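When the chains are written out, they are named A, B, C, D and E in that same order, and each has its own residue count from 1.
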Amino acid sequence: MRSRLAILVLLGLALAAPLVIYPVFLAKVLCFALFACAFNLLLGFAGLLSFGHAVFLGTGGYITGWLMINSGLTPEIAIIAGTVAGGLLGAVFGKLAVKREGIYFAMVTLALAQLVFFLYLQAPFTGGEDGLQGVPRGKAFGLIDLADNQTMYYFVLAIFLAGFWLIHRTVHSPFGQIMKAIRENESRATSLGYDVNQYKWIAFIISAALSALAGSTKTLVFELASLTDVHWHMSGEVILMTLVGGVGTIIGPLVGAGVVVSMQNYLSGGELGNYLHIIMGAVFVVCVLSFRSGIVGQFNKFRRNNF
Amino acid sequence: AATDGKIKIGVLADMGGTYADLCGPGCVIATRMAIEDFGGKALGKDIELVSADSQLKPDIASSVARKWVENEDVDVIGGLVSSAVTGAVTQVTNNSKNITLITGSASNAFTTSACSPYIAHWTYNVVALANGTVKQMVNEGKNKWFFITADYAFGHALEGVSMKVIEANGGETVGTVRAPLGTTDFSSYVLQAQASGANVVALANAGNDTVNALNAAAEFGLTDYMDIAGLLVFTPNAQAMDPDTAQGMRLTTGFYWDMDDQTRAWSKRFEALHGAIPSMAHAGAYSATMHYLKAVDAVGTDDSDAVMKQMKLTKPDDFFARNATLRADGRMEHDMLLVEIKKAADRKNKNDIYNIVEVIPGNKAYNPMLPSCAF
Amino acid sequence: MSKTEADFILSTQHLSKGFKGFTAVDDVNLNVSRGDIHALIGPNGAGKTTVFNLLTKFLPPSSGKILFNNQDITSLDPAAIARLGVIRSFQISAVFPNLSVLENVRVALQRKEKNSLHFWTSERVLNKLNDKAIELLASVGLESFAYSKTTDLSYGRKRALEIATTLALEPELMLLDEPTQGMGHEDIDLVADLIKKVSQNRTILMVEHNLHVVSKLADKITVLQRGAILTEGDYATVSANPQVREAYMGTETVDQEVSA
Amino acid sequence: MSHNSREKLRITNLHAYYDESHILHGIDLSVMQGELVTLLGRNGSGRSTTLKAIMNMVGKRSGEIVVNGQNTMTMPAHKIAHLGLGFCPEERGIFASLSVEENLLLPPQVRSDAMSLEEIYAIFPNLHERRTSQGTRLSGGEQQMLALARILRSGANILLLDEITEGLAPVIVQKLAEVLMLLKSRGLTILLVEQNFRFAAPIADRHYIMEHGHIVEEILAAELSSKSDLLNTYLGV
Amino acid sequence: MATFLGINFFALFGQLLIGLINGSFYALLSLGLAIIFGLLRIINFAQGAMYMLGAFVALLGFKYIGMNYWVALLIVPIVVGVIGVLIQRFLIRPIANEDHLYSLLLTFGLALMIQGLFTHWFGSSGQSYPVPDALKGGVRLPFMYLPNYRAWIIVVSVLVCFSTWWMIEKTKLGVYLRAGTENPQLLQAFGINVPLIVTLTFGFGVGLAGFAGVMAAPVYSVSPDMGSNILIIVFAIVVIGGMGSIGGAILTGLGMGVVEGLTKYFYPEASATVIFLVMVIVLLIKPSGLFGKNA
């Protein structure tokens, strides 16, 4: 009951926010929040740390951007196409990566992502260093003109909610139950007759597709797709968001994305841009050394202890 | 862009990256000098200056520009180095009808394929570079060219334009290789150049890439029997080159601090603030800002269309812009300089790096205007 | 040996496994009759665990065949063998520590539901398995712990839970590798009773060093030595065999008072 | 407190923790030279933790542990072994990346009168046979033998043994009992954690019974029969 | 003579040699990484930053106190190694018992910080470091002009790599290292000072990166991002070689340099991706890497 209320309040806030806050910024937070939630699905619920998730974000972005520029499709179709492309790429990467665990998994995903990074750097359809510029936002369903930032924001909010709901559903599904079991004791799950790699693989695909969804949406918001989204720094950033917010919590990544994006926004606006990496690095170090459960994890602990 | 009667200038430059010395903090300083020289006020209000680091990333630049014009009432964006960044920013500003003063980028696209009524492309462009350096060398009989090209819009444009100039003057291109932006080890490209049978190796890159490529060429003995043409060399880069390797190298620039008293006077003031002599982008940023502010003052509004019209009507004229005009397509046409890097022995101090070989008049240096871009 | 082949739920034919010039399992023809509790004993390093590994395909045999219900399963992978109904328990406690006791069993029950890959349906569909799960927990005496977290269970209860989980898969054949290892006395008896109880309607093959447990449970015993079968028979026969006494049992006897 | 020179190990008011869980709640025990003392108790009563605490392998400890008259509470773990302590862990701890013989030779010798490889191989012929194979490729029982053999070779004279008969065939268990008697007669001190009471009873001098991190009873070998009821309630024997 | 079947052998050999030189750096860096991984099960993301640090310390030492190349070659690895020791001791050790992924993230954060600081101080544009006088010039081979310094890189790297490998694989220390990887706590209970070994090994692995940094300074321009660029490639190499395999890291490092060189000749477009492609293929065929033991 309490959580129902909380959800309603949050939703109300989300609907009212663009009246006060710059909608493009809000849309950016939502895109990264979705990305971080998708990433957390893999890390928090499957126990797999991917160090190459940027590649899915970027792939979604490029596909959607390219289609919007070249095909005349409506934005929702282009987004779906980007999502599917991300899912397919995830299927290929996942097949290779889920054979390994822990640090090995992280390294393999990192290297695979780097492979694609260089491909995108050279492939003609991505625009290389320039990226895809001037991606039109188009009209959603051929009707709603997204050129207006406020409208765009609500469109993004809808996508975010859909993605978030899917993640929530996945975690609390028969599939999610098995994922949990696999995380707890992999060899026992195998001995009960579950093909562990298949489950991890599916989780990987879902996570990749949702990351691509975030990237596709982001491209529309900024009317631009670029290499930054595929770079391994971006893979690091999403880890940071998740870590700051709280690994394995449902809304942790959302909070983390909000914090990190605000911080970047604040820093890159001025001449502090220089300090961005130093500060992000420092936040990483502090989080790992003394704040491993993240903001939401810490808050939950506090609430448990005091109420 | 809302006309709120208040002038706010945004300088978006590379504050810490490969091009930081060309148009980074220095471009902010130059812009501030222009504002102060103008009197600090326009339309009766204080002129505001904001700046940000593009980090040389189109997406960062694009989102900063968007935030500036949509949410922070910035009227005009200047600075701008790296064509990828400039392209992304102009996408935003063209849409929002804000003026862009491009002072660091080289691609000629901004007055051709990507032209817009709101762009003023100031300092130089790839065509001017090729028409200066390349033409002269081909005419001297250096007819077989090999390109080491920076793999992004600027490099491609510079390479393409230069090839046309080579062909038009009877030379040929025997090969090209594209190196990613920020390459540090050029050895393998140098080897390819060596095996190509060319007599000139053209470096269609900029900043550190040029310096590194030149160093590798020297290390592998390439300089012993081939000429190196640095197609785009800014003064800080020229200073960073080993004089023994670089001496005698020809290059084209839009500005040299030691040209005459006028340039020296401004450059000394700049050096006092910045700690180094100005590059052409720094001088260009001052000149462009000043011209913009004068136009605002003249029309009495910050409305982009009116201001731009005025900018094109009056001829820019200052220590930087010689025999200049701002064409209808947004190209600022002015005299370019063909210079030669001095021998170590001839240098009086560390800033004394060029001999001016020739002044190329603007109409010879720049590309002709396209009818479709004559706004 | 009057049983026909059809009575054997599991049999191996000339099963061998070598590791780099060392033969760990040597031409073993093992026949497990349906409904039996069959014990595999032998000195350390005799090859018992290796036989288990071969049966469940955690190791590929060097040669020989494995038949389950007269079907050749030699080439199947571990998960496929598990799905046929051959379930193995592990020596170290194989539970899902942070799931509830009920959920532990449900994870096993879920496999038959064919919805385990459904990430789009609510986990509420699993609630219909709760009754069955409670029933299974009751059969091992854990029904009152259904909603506790599994980590909080004692060692013996974890073993019981593990068995309940295994039962949920309705295995035809259970393979138990040293089920009482590391257990205190009270737990040993608990688990031994449990094994006896669940052996109704199914077959159990187990490796066990605790002779007390073996004597109490096993219908048939196969003694392995140096990878090969030394002898077979019921406890009385086997324990009377001087070779077995020398190689394995030593002077130990199972006195009935202790097992009481 | 007067120090008894025959007292090899004395533990006073020992508390031990893993992370936040408090496992040992004030243990007091002592072992004399040449004595074989067992720690009995149910699963999870804290016996292994006691041994680990002596080796400084738990999260946090308080109290006092005196080995050979020297307080070890502030000693780093790697110095403790050099007091002559040899620890054989419950989970055996065989190193997979080392061969059987490398495993045997791994612990540095802490005393000069250590058992030689020949002696070890004579006791455990299986190990000799498999000496070049990878440590964890051994069968469960063989690994157990290796774990024990390893510390015998290091020459430690105070042995902390955790469930060493686990998973061993009855013949080997009988042989182990003989080995322990032999070691005892050589003057070694042994603290033994055992589930197998039938193994421990005939060879031990004293038994401590643990429950929930406390020592609840001390029983001398001679009192075994008279206190069997007590044992039954604690251990369910 | 120089060409046969359309292959220009001069150019090919030239690229191979350059490949071997790059491979030497790969080998040095992946060796350090493999050692640290082998003992601590930590992927040291800061290895690239340490490489950069090595180059910068050499450069700054040269600029401000006139430290020459040969001194730098000796001093800098020690300086960087000590920094590594401090990092291990004060940042990594406190989380040594947590999931190893945390130490990966920690070193990732450190790498960002160090690189950010250097960018802040020195800008991201590169600076050059002079080739030592004794190694100036070069030899004209039939197929290319080989600068002396580049030849020196190959010789020194191979020497350093081999001696390190020997020390780890063939001495008692190596046995401790291997055992310490698996169960440090138990090894310590046997009386071996594991924390010390761990810290020193980390320092040594990091010192190797510093050494590579000094070696690189005269040929690559010294810039704050020089490390992060090469690091990911080195990760791929370590994965290909089999994580934790010391010999594998060295051989794969050299080998991948050569493969890259070949690609630059035959199909330059793929030269940036070829190592990752090889990695994918190796993973498909042998998930544990070329020299890795199956987990």
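One rule holds for everything that comes next: contacts are C-beta pairs under 8 Å (C-beta built on N, C-alpha and C of every residue); 3 or more make two chains touch, one makes a residue touch a chain.
A quick note: this is a predicted structure, and the numbers were derived from the prediction, not measured.
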Task: Any chain in contact with chain C as well as chain D - done: none
Task: Minimum number of chain-to-chain touching steps separating chain B from chain C - done: 2
Task: Path length in steps (a step moves to a chain that is touched) from chain B to chain D - done: 2
TODO: Please find the two chains that have the most C-beta pairs touching each other.
DONE: A-E
TODO: Could you grab the centroid distance between chain A and chain D? Build each centroid from C-alpha atoms only and quote it in angstrom.
DONE: 52
TODO: Can you check how far apart chain A and chain E are, centre to centre, with Cα atoms defining each centre and the answer in Å?
DONE: 32
Task: CA centroid of chain A to CA centroid of chain C, Å - done: 44
- [ ] Would you please write down the residue numbers of chain D that are in contact with two or more other chains?
- [x] none
Open item on the list: If a residue has to touch 2 or more other chains to count, which residues of chain A qualify?
Closed with: 121-122, 274
TODO: Mind pulling the residue numbers of chain E that touch at least two other chains?
DONE: 119-120, 272
Open item on the list: I'd like to see which chains touch which, written out pair by pair.
Closed with: A-B, A-C, A-E, B-E, C-D, D-E
Open item on the list: If we count contacts the way the header does, which residues on chain E are in touch with chain D in the complex?
Closed with: 175-176, 178-179, 181-183, 185-195
Open item on the list: Please output the residues of chain E touching chain A within their complex, sorted ascending.
Closed with: 37, 41, 43, 91, 94-95, 98-106, 108-117, 119-120, 232-233, 235-236, 238-239, 243, 269, 272-273, 276-277, 279-280, 283-284, 287, 295
Open item on the list: Looking at the complex, which residues from chain D come into contact with chain C?
Closed with: 41-44, 90, 126, 130, 133, 137-142, 144-145, 163, 166-175, 195, 197-198, 235-237
Open item on the list: Going by the contact rule set out above, which residues of chain A touch chain B in the complex?
Closed with: 22, 24-25, 28, 121-122, 128-131, 133-134, 149, 222-224, 226-229, 265, 268-271, 273-274
Task: chain C residues touching chain A - in the complex, by the definition given at the top - done: 56, 78-79, 82-83, 87-90, 94-99, 103, 106-108, 110-111, 113, 115-123, 125-126, 165, 169
